[in-house]
Structure formats: structure tokens, C-alpha cells
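Common to both upcoming complexes is chain A, partnered first by chain B, then by chain C.
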Partner chain A sequence: MTTAKRAPYLQVFKTFLRNSLVREMTFRSNFVIQCISSLSWTVMNLGFYLLIFSHADQIGPDTGWGKYEFFVFLSTTMFINTFVQAFFMPNAQEFSELIRRGNLDFALLKPIDTQFLISLSKVEWSACANFMAAGVLFIFSVWQLMARPENPLSLSWFAIVLYLFYLACGVVILYSLMISLAATSIWLGRNQSLYNFWFYITNFARYPMEIYQQGWGLPLWFLFTFIVPVLVVVNVPARLMAQPVAETSPSTTFLAVFAVVATVGSFVASRWIFTRALLSYRSASS
Partner chain B sequence: MRIMADSYARRSRSSDSYFRRNKDFQTSLNGAGLYQNPVISSNVVHVLVSLLGILSLCAGQLPTYNRLLMSLIEIKNLAKTYRVYQKKEGLGASLRGLFHREYREVQAVRGINLRVEQGEFVAFLGPNGAGKTTTLKLLSGVINPTEGSATVMGHIPWKRENPYRRRFALVMGQKNQLWWDLPAQESFRLHQQIYCVEPARFQRTLDELSELLDVGNLMKQPVRELSLGERMKMELIAALLHSPEVLFLDEPTIGLDVVAQHKIQQFLKFYQEKRKITILLTSHYMKDVAALCKRVVVINQGQIQYDGSLTGIVDQFSGHKIVTLQFGKDDSISGLERFGEVLEIQPPKAKIRIERTRVAKNLATILSDHSIEDVVVEDPPLEQVIAEVFAQVGGHEDQDNPDEHSRVMD
Partner chain C sequence: MYARAATWWTILRISIEERLVYRGDFALGTLMRFLPIVTQIFLWQAILATIADGDVKGYAHGDMVAYYLLTMISRAFSSMPGLASGIALQVREGEIKKFLVQPIDFIGFLLLSRIAHKLVYYLISAGPFAFVFFLCRGFFINGWPEPEVFLCYVLSLIMGFVLGFFLEATLGLIGFWWLEVSSLLFVYMLFNFFLSGHMFPLDLLPEPWSLLVDLLPLKYLAYFPASVFLGKVEGVELIRGLWIELAWIVFFIVAARFLFWRGVRRYSGFGG
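The block that comes next holds the complex of A and B.
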């Protein structure tokens, strides 16, 4: 009998990257405008936080989120967001259209994992601009933290590896959320709330979780940490990077372990939802 | 003795397709190329497979035997029902619909039985919404059936197993799968990777297909800049790059001009004859069907109403002949109503529709009463007969049992 052939996933992904780049280059002006508009949004955002830090030294007493710590946090948010926007956002957005018009048919015919195919086939290269901006902000802020006279930050290779690992975890959690939400459009027929939902979610995820840990913020904190674990996404890598003193504290360790559990859990759940949803696919008329 | 020979032939024919699953064998067949005569290789296969069949029979391997007897495509009582939200007119009703919804069951396919052998080119005919496309979608595993079973090359389509998905293709005239903003070439390369086609074989197949369809110079042009006909050709190439053994075509010539239609027909005919692949086609153009398919399956309201040859439709469903008479100069054209329905009178010619059984008797009477210079007796146009079949069946559809109408051709 035939030996099972596996589609070369990495090679296919490279072709996705290549084809998307070719496409973006075809519409040069669109590419440039997208880069500029997303960069200006980032700059405005940064300006806003600079203003806030001209009124206060840190976010809340004893949270450890001073100006540059917070900028590490902010660049972490940007890293994760641009990653998701580059790889998954255009596809999740298109998924809803594929279902409504019945073009998912073609994806289902291909001898390759359907979730892989629809999650990655388009890549938005213009997100690179923001990614580089985030890189500059990150390096500058970490350098500031390392150069400050009192309690300077010492950066180990282990910390960098850990940071990258949790960045990846964050991306997986957000991806899982996004694809689960997109998959619901199979049942709903149409789901246009994707962008809105994304905005709400990232709005909660882009602040240090200490903000929520008092008063009536606690239920929110609980909801967005343990039920829909978006608070973990940025908080864990950013805290490990910017506040290594707290690295050994039980709460940080607990969060770090929980982040791994949340990542695996979200991914498994999203896979389940996606597969279930595909069973209900009806395919629009020809 | 005759029965034995027949079953033997059938067994070896369908086991041919079973045997093709072997990877090495498949590669060598495809390696034989498009222009090489496949008869030689298929003869060798027949001998080999017959031997295998006999051996397995001797060994008492019943499952293998059953598999060898299977048709390439087997459909049993296949049914698909959709639940559709019944929207009512008006704002008030729409608001009520938010809380209380009424649903209607739409039976797109109701109990279809069909067997297709390897190498057949079968057309599905039927009006819009008859269930043709739904059947093709079920067979490609895009949607799940409500009831019934189907196997294609031994696979259950809706399990969506990769070994199955590598062996068939679906082309839809109204949908496109190529990247809109990129040259078709880029989409082809992606297909090569997804279907694991070796680079050398990919290039060979691509060259052959683009030469046959005459699109070699369009490969580098973005798909959005191609005409509808050119795009359809590209879609066909994309679907055939992995050399599928079964091809489902859903209205591949829809919206195309006569030249493009003809070109695609020619291509399909040539390709099917060379490669001996199995094709199921749906089309509204009778010319497609007449040019390509020996076997026609008429589907209406989700059921098979007819299964046989195209000309057989006229024999089975039309009880009339069209008789054209040319009268002599002095003859008066009158009193024709008693022979049949008068379709048109343009002196000196008249056209009458006469019941098939009465053609000879009526003609004799007419010939003796009038001075006739010329007579033409012909079948009514095929498209008209088919239109009548659709309309006729639609009328008393509900009391019908699908099995009464389907005539499975063996």
C-alpha cells in the first residue's frame, strides 16, 4: 500500500510568505500607506503613555511598573499584536467570507490540515513596520533599565529565552481565541464582530494585571486570567523581562506555569471548536 | 458461462482502479505521459489483477474479493437535508423572527443510488436546484450527508482523508480557487507542494496542460487580468496538476463564449480518453453533454429520474415525432388538426406533432389525401424533451418513489 505522504508544511508556509509578499508588492502604495498608518497609531500610543508618565512615576504604588518597565510591557504588547496581525488576522477575517460565499470548499479538498491552510495562507507584511518599531522601543527601554544607577537590570540568556518562549505562548493564546471566534461563523453564517472583539480583548490585555487586582476589578481579573486567559498573554513575558526581581516570587512562578497550561488548553480547545464547526459546514450555493 | 465471463471482466476492470492505489504503480502510469497510449499498460494491469483476483479467491480472502467487485463510485440512498430559516415579509415579522423562528426542511438530495465504473464520463442533468451540485459536494467530502452512504475509490468522501483528497479534484465554474492578485503560476506552485508532486513531473504535467489549453503565455499574468475563459482553463490546470483519478466538474463552461466552451470540451474529451480517468460533470449546456458523455443521469428535485444514454431520453420521455410536410402547389393545407398538434403552417410547409404510435397510419392517410412533395419525420429537439421531463416530473413529484424512476445502468 501507499506509504503515507505528508504535505511539507514548512515549504508550504514559505510559499504563503512568498506569495503574500509578491501580492503586497503588486500594490505598492497600499503597502506604504498601511505601514504609515499603523506606525502613526503606535507613535500616538507612545505619546499618550509619555504624557501619563509625566503625571506619575509608576502605575500604582509598589507595582514595579515604572516608565521604562512599562515601555518594555508596551513593546511586548506590540510584538505579540503585530505577530497576530501579520499572520492570523487577515486569515481569520477572510475565513468568515470563505464560509459565507462557500469558498471554504477548496480548502476542504486539499490534502493538508484545513486549520493550517486557512490560518496561515495570507500574511500581512506591512505589520513588519510596527514590529521594528516595537523592537526599537524594547531595546531602548531595556537599555535604560540596565543603565539606571539604582537596581539596574541584569539580562541573562535564560531570561531572553524565557521571554521569547512566553511571547510565543501569548501568540498561541490569542491565535486560539481568534480562530475559535472565526470558526463560530460557520454556525452563525456571518460573524462581523471579529474586529470589534479583537479590539475589546486586546484592550484588556494591554495593561499590567495589577490594575485589576483590587476592588471590583477582581472579577475582571479572574475572568481574563482564568476563563479567557488574555491577561496572561503580555503580562507573563513582560514581567519576566522587566521585573526579574519578582521572578522568584510565588505569584510569578504560579503565573508562569499557568501560562503554559493556558496555552496548551487554549490551543486544544480551539482545535476542538474548529473541527466541530467544520462538521456543520453547509457550503453556499454554487 | 456468459455470466461468469461478464463478472470476471467487471471484476478485473474495477480492481484495476483498486490496484492503482499502489504508489509505485501510480507513478509509473503517470510517468507514461499524456501522449503515450495507456492501453498497453492497462492490459498488463488486467492480466496482473486477474491473477491477483484468482489467487485471492483461492485463498478464500473474502474481503479482498468484495473490494475487487466494488464500482469506482458507489452511492446508496444518499440524502442531504438542509434546515432553512423561513423568513417572513415585513419588519414586524422580522422582529418576531428574532425570538421565534420557523424552519423549513429543504431536501436537496433524496435517496440517490448510483454506480459509476472506472473510466466513465457521466453527465448530471437537471434544472437549477435539482441537487446536482449537492451530490458533487457530497462526493468530494465538502459536506456531510444526512443519510445514506457513498464510496469513491474505496474511500468515504466526508471523512476527508488525505489519501483520498490526493486522488480526486473538483472544479466549480462559479467559484475560483486561484489567488486572485497573483499569476496562476504561483498558485500552481502551491498546489505542487500541497499535493507533493515531484518537481520534474509537475513541470512536465504543467507544460502538457498549458500546451493543450493554449495558455502558455498567460502563466505570468495576474489571475484578475484574465478573461473568464482563460481563468477557467487555469482552474482546470490547477485541478489536474496532481493527476487526479476522479474529476468532478460543476458547470465548467458556465458563462463562456462558444469558442471557449468548445475548446474546453475538446480538452476534456482528449484528456479523459488519454488518461482514462473518471469524470462526473454537471452542465446546463446540452452541447457539453452531447459532446462528452455517453451516459446521462437526469436529476430532479433530489432524485434520479433517468440513467442511460442521451438519445435514450427522447425514446423514453417523448411520445411524439415532429413531421414536416411540403405540400404540392395546388394543394390546400387544411384539416391537419385531426392528425396531431399543428405547430406551424408556412405554405407550402406545415409542421405537425404526431403521437409516435400513430405516425405511420396518419402519414399514410395524409399521403393519400394530399399531394405531398417532401416529408421529414424527426424527434423533437433534445433540449425541449428535457425541459418537458423537468416540468413533468416536477408536477407529480411528491407521490413518486425514487426507485421507480431510477434505472441503474450496469
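The block that comes next holds the complex of A and C.
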């Protein structure tokens, strides 16, 4: 197949984007309702953290996660999550149905990489609302950190580039995890608890990793940092952005290097799991 | 009378057997449901460690863990997965016709199958629950409550089940008018998650909000039973709470009955 023309991935992706937008715009009020409901979820969540910070001034003693540092953390979580929700979530959920009904046959027959096709064919545009909300929260919190009288935050272009780079790493790690979970439905026949399982695992990524670094949290911290690296997803970019003082500390440097290794590792592993799983696919009826 | 009881008994038995088919999945699911609490506990541990006296409005670390574990029990009684959306689906797809021609009460049927569902759930999840509570026994600083308080606790759990059932059934029956209630259910789920006490102890809320949650029925679904067990609500206030909960139950029973009665008159079924 080496002589075959390379599939125009970018063009195909643009078509996916356009088709999804057309689909969402067909049911416009549904789109608006989805935007509003995901926004209200965010507002409620923010309310919860405001409640916490009305009682305490930081999360964990001497961790440096004060109110606005944590809001940078929170908006980082939102950036990454909305990205995953917009591009991969609807597809991963559909994947299990494709297998159960045998419709994966059609995807396999197309002259394009199967993983690409099934990972991106549907895009959820309504996630944009939350993405923008995250943007507002992020800018506001960074501005608050820069304007505070003591120990103000100074931003460099390098920090911004690094932040964006680690955001992308975070998305790749979560994507790899999701596609591996979705691929297991080839073996299991049907995987309805995929979404639950996903929620339970990523739940650990939502808070600064310092909260696990004591007592019986340590095994959890180890598990979710080194085996299933969901803890580095948000922690690394958020720490680089909100706590540049810690940038020079050895643990942050180590984590930053490790995050790159984890990203490459998870992507390769997920690709391997996916192709292995495809080999076991035996269509369904016809 | 006897024939009627026999019918209901058969329905209950069938529903129980139906539920027992997926017991392995059930037990695993129950254990997994404790995971989100684990992160919540670590979060509060870190927060409480930064506060001088180590407690927020009377919640020290142990109380917080005990609170979250107890809300799991409250929710095991009051949560009704798939009830409202199931009712709306039956209305939309016309399946509800069968209850209109058969001499079986639709809401009664749902209630029985839900009781069966819960009974099986308790039977299977008792193991995982007992295991987790045994591991965490040290967090219950005050130990078991007094017998009469415990009785009130059990009562509040059972009433939580009834309230949860009729509240969700009412929402589902709105499907007679709206057909698609998923966005309404999302809003309900959102409020339920934050304002029932599932996410945090409601007494941490500052003024206008604490009044709001007091006026809503949601707090009886998670917060109220847990705070009875922990002795946060006592004496007259406890009795008053139970009466208000009863009033809400009556309200939603009447509302569900009324909506069903009006809905059936509005409903038109086609095809076979």
C-alpha cells in the first residue's frame, strides 16, 4: 500500500467540522440549551469553590494554591476537558455502538486511518461555550495574580508557549486514555459503563496533586501519576502558569519532563491497544 | 382484595428476579461509586489542614468523611436513576397505552418495580457498603446515635426514598406535555447535585443561600438524613424537619396523581 496516495487528513477533518456544525445548527434551540446547561454546571462548580475559599485561604498548607492560583488551575481543567468533550467524547461513546451493531465494518473499509476516522468524525460545537467561560476565568485570575501587591505574577512569552504545549500534552493523555477505554468495547461487546469509568478516573485529575501527597493518598498519587498519568494532565500546565516561583524547584522540572514522557508513552500505548483490539473485531450479523 | 395483593406481589417478584440478572455488574458499580468521594475527602483534608482550628462550621476532618459516607446511604435511598426519563420515554413511544387498558395502576407499578430495584440493590451493595464503612469506622467520632435518633434516621431514609420517587415521577409525567424532558432533567440533576447536600454539607452555605436550600425539598434527599445521624439536627428541629418532609411527600404524591390524570386525558395513542 506504500504507493497509495496519502489520505487528505486535514481536508477530511475540515469536512467533519463543517458537517457537525451543520448538524448542530439544524437543531438550534437544542444547541442553545446545551450551551446554557453546560455553562450553569460551570457556574455551580465555581460557586462551590467560592464557598471553599470563603472558609479557607488555600488548598493545603503551603501548597501555594490560593484562590486565584486555584482558579487558574480550574480554568486549565476546563480548557482541557472542553477540548476532549468537543472532539473525542461523542465519538468514543458512539464507538461502542458501532461495534455492537457491526457498523465498524464501514469505517474499516474506508481508505483512511481507522483510529483517525472514529476519533474525530463528530464534533460537539456546544462545548465552545464552556471553553469561552474558561477563557474569561483564566484571564481574570491571571490578571488578579499579576495585579496583587505582594509577589505579583510576571508572565513571559516562554511561559505562555510552555503552558499551551502542556495543555496539548494533557489533551493527548486524556485522549489516549479514552480511546483505550473505548477500544475495550471490542473485547467486551458492549461497554456502557465507559462514561462512568471515565468520570471516576478523571475525577482524580480535578484537584492539585498536593492533596494526595500524604498518608494513604500516596499510593493513589503514585498510581495516577506514573501508571495512569491523569494527575499530570492539569497539574503541570497549571503549576507552570500559576506558580512560576516553583518553576525552578526540582519537583516541577521533574514533573514537566515526565509529562512529555507520559504523553508520548500514553499515545503509543493507546495506539497499540487500539490496533490490537481491531484485530479481535469480528463484525456483528449483517 | 386478595387477588389484588397477589397481583402486586407477582409484579414485585418478577421485578426482583429481573434485577438479579446483572448482580456482578451491580456490586462492582457500587464499589466504584465510592471513588468520587475519595477525591472529595482528600480535598477537604487539605482545606481543613489550612484552617487554624481544623474545622469549618463544626465539621472537622472526621465529620466531613462521615458526612460524605452517610450521603452515599441517603442517595442509595433517594436516587432514582432512569425513572423520570423512563416515564417520558414510555409516553413518547406509546408504551404507556398498555397501562391504560390493563387493570394496573401505572404509578403503583413503577413504585413496586422501584422498590424491587432498591431491595436488590441493598442486598448486593450491603457487602461493599459494610466493607467501606468498616474501614472508615474511625471517622465516626461520636459512634452510633441514640436509639430514638437512629429510628428517626431510618424514617428519614425511607421518607427520602418516597420523596425521591414521587418527585422524579412528577418530573417524568411532565413528558405528557413536553415529550422531551431531558433538558429539564439536566437542570434537576444539576440542582440536585449541588443543593441536596451531595457535593458539600449544606450548613456551610452563607445566608441567602442557606434559606434557599431550606425552602427546597432537595435537602431531604441527601443532607437531612446524614445530619440526623451525625446529630447536627436534633430535638424539635428534627421533628419539624420530618413533618416538612412528609408535607413535601404529600405534595408530590398529589402532583404526580394530578399530572397523570390530566396527562391521560390529553394523551392519544395510535397504532398497535
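Here are some notes:
Keep in mind that, in the parts below, the second predicted complex is superposed on the first by the 282 of 286 C-alpha atoms of A that agree within 3 Å, B and C clash if a C-alpha of one lies under 4 Å from a C-alpha of the other, contacts with A are read in each partner's own complex, and residues count from 1 in each chain.
Quick note on the criterion: a residue touches a chain if its C-beta (ideal position, glycine included) is under 8 Å from a C-beta of that chain, and two chains touch if they have at least 3 such contacts.
Just so you know, these numbers come straight off a predicted model, no measurement behind them.
After superposition on chain A, the partners chain B and chain C are accommodated together without colliding.
In the superposition on chain A, no contact is made by A:Q144 with either chain B or chain C. Contact with chain B, but none with chain C, is seen for A:Q11 once the two complexes are overlaid on the shared chain.
Contacts of A:Q115 after superposition: neither chain B nor chain C is touched. Touch criterion met: A:L220 reaches chain C, while chain B stays clear of it.
In the superposed pair of complexes, A:Q93 makes contact with neither chain B nor chain C. Looking at the shared chain after the overlay, A:N19 reaches chain B, while chain C stays out of its contact range.
Applying the stated contact rule after C-alpha superposition, one finds that A:N103 touches chain B and leaves chain C untouched.
Centres of mass aside, this uses C-alpha centres: at chain A, the angle toward chain B and chain C in the superposed model is 90 degrees, to the nearest 10. After superposing the two complexes on chain A, the shortest C-alpha to C-alpha distance between chain B and chain C comes to 6 Å.
Partner chain B is touched in their complex by these residues of chain A: 1-8, 11-12, 15-16, 18-19, 22-23, 26-27, 101-106, 108-112, 114, 117, 279, 281-283, 285-286.
Touching chain A in their complex are the following residues of chain B: 21-23, 26, 82, 133, 137, 140-144, 160, 162-163, 165-166, 169-170, 172-175, 177, 179, 181-182, 186, 189-190, 193-196, 222, 250-251. Interface residues of chain A, counted against chain C in their complex, comprise 33, 37, 40-41, 44, 47-48, 51-52, 54-61, 63, 193, 196-197, 199-200, 203-204, 206-208, 210-212, 217, 220. Contacts from chain C toward chain A in the complex involve residues 25, 29, 32, 35-36, 38-39, 42-43, 45-51, 56-57, 183, 186-187, 190, 193-194, 199-200, 204-206.
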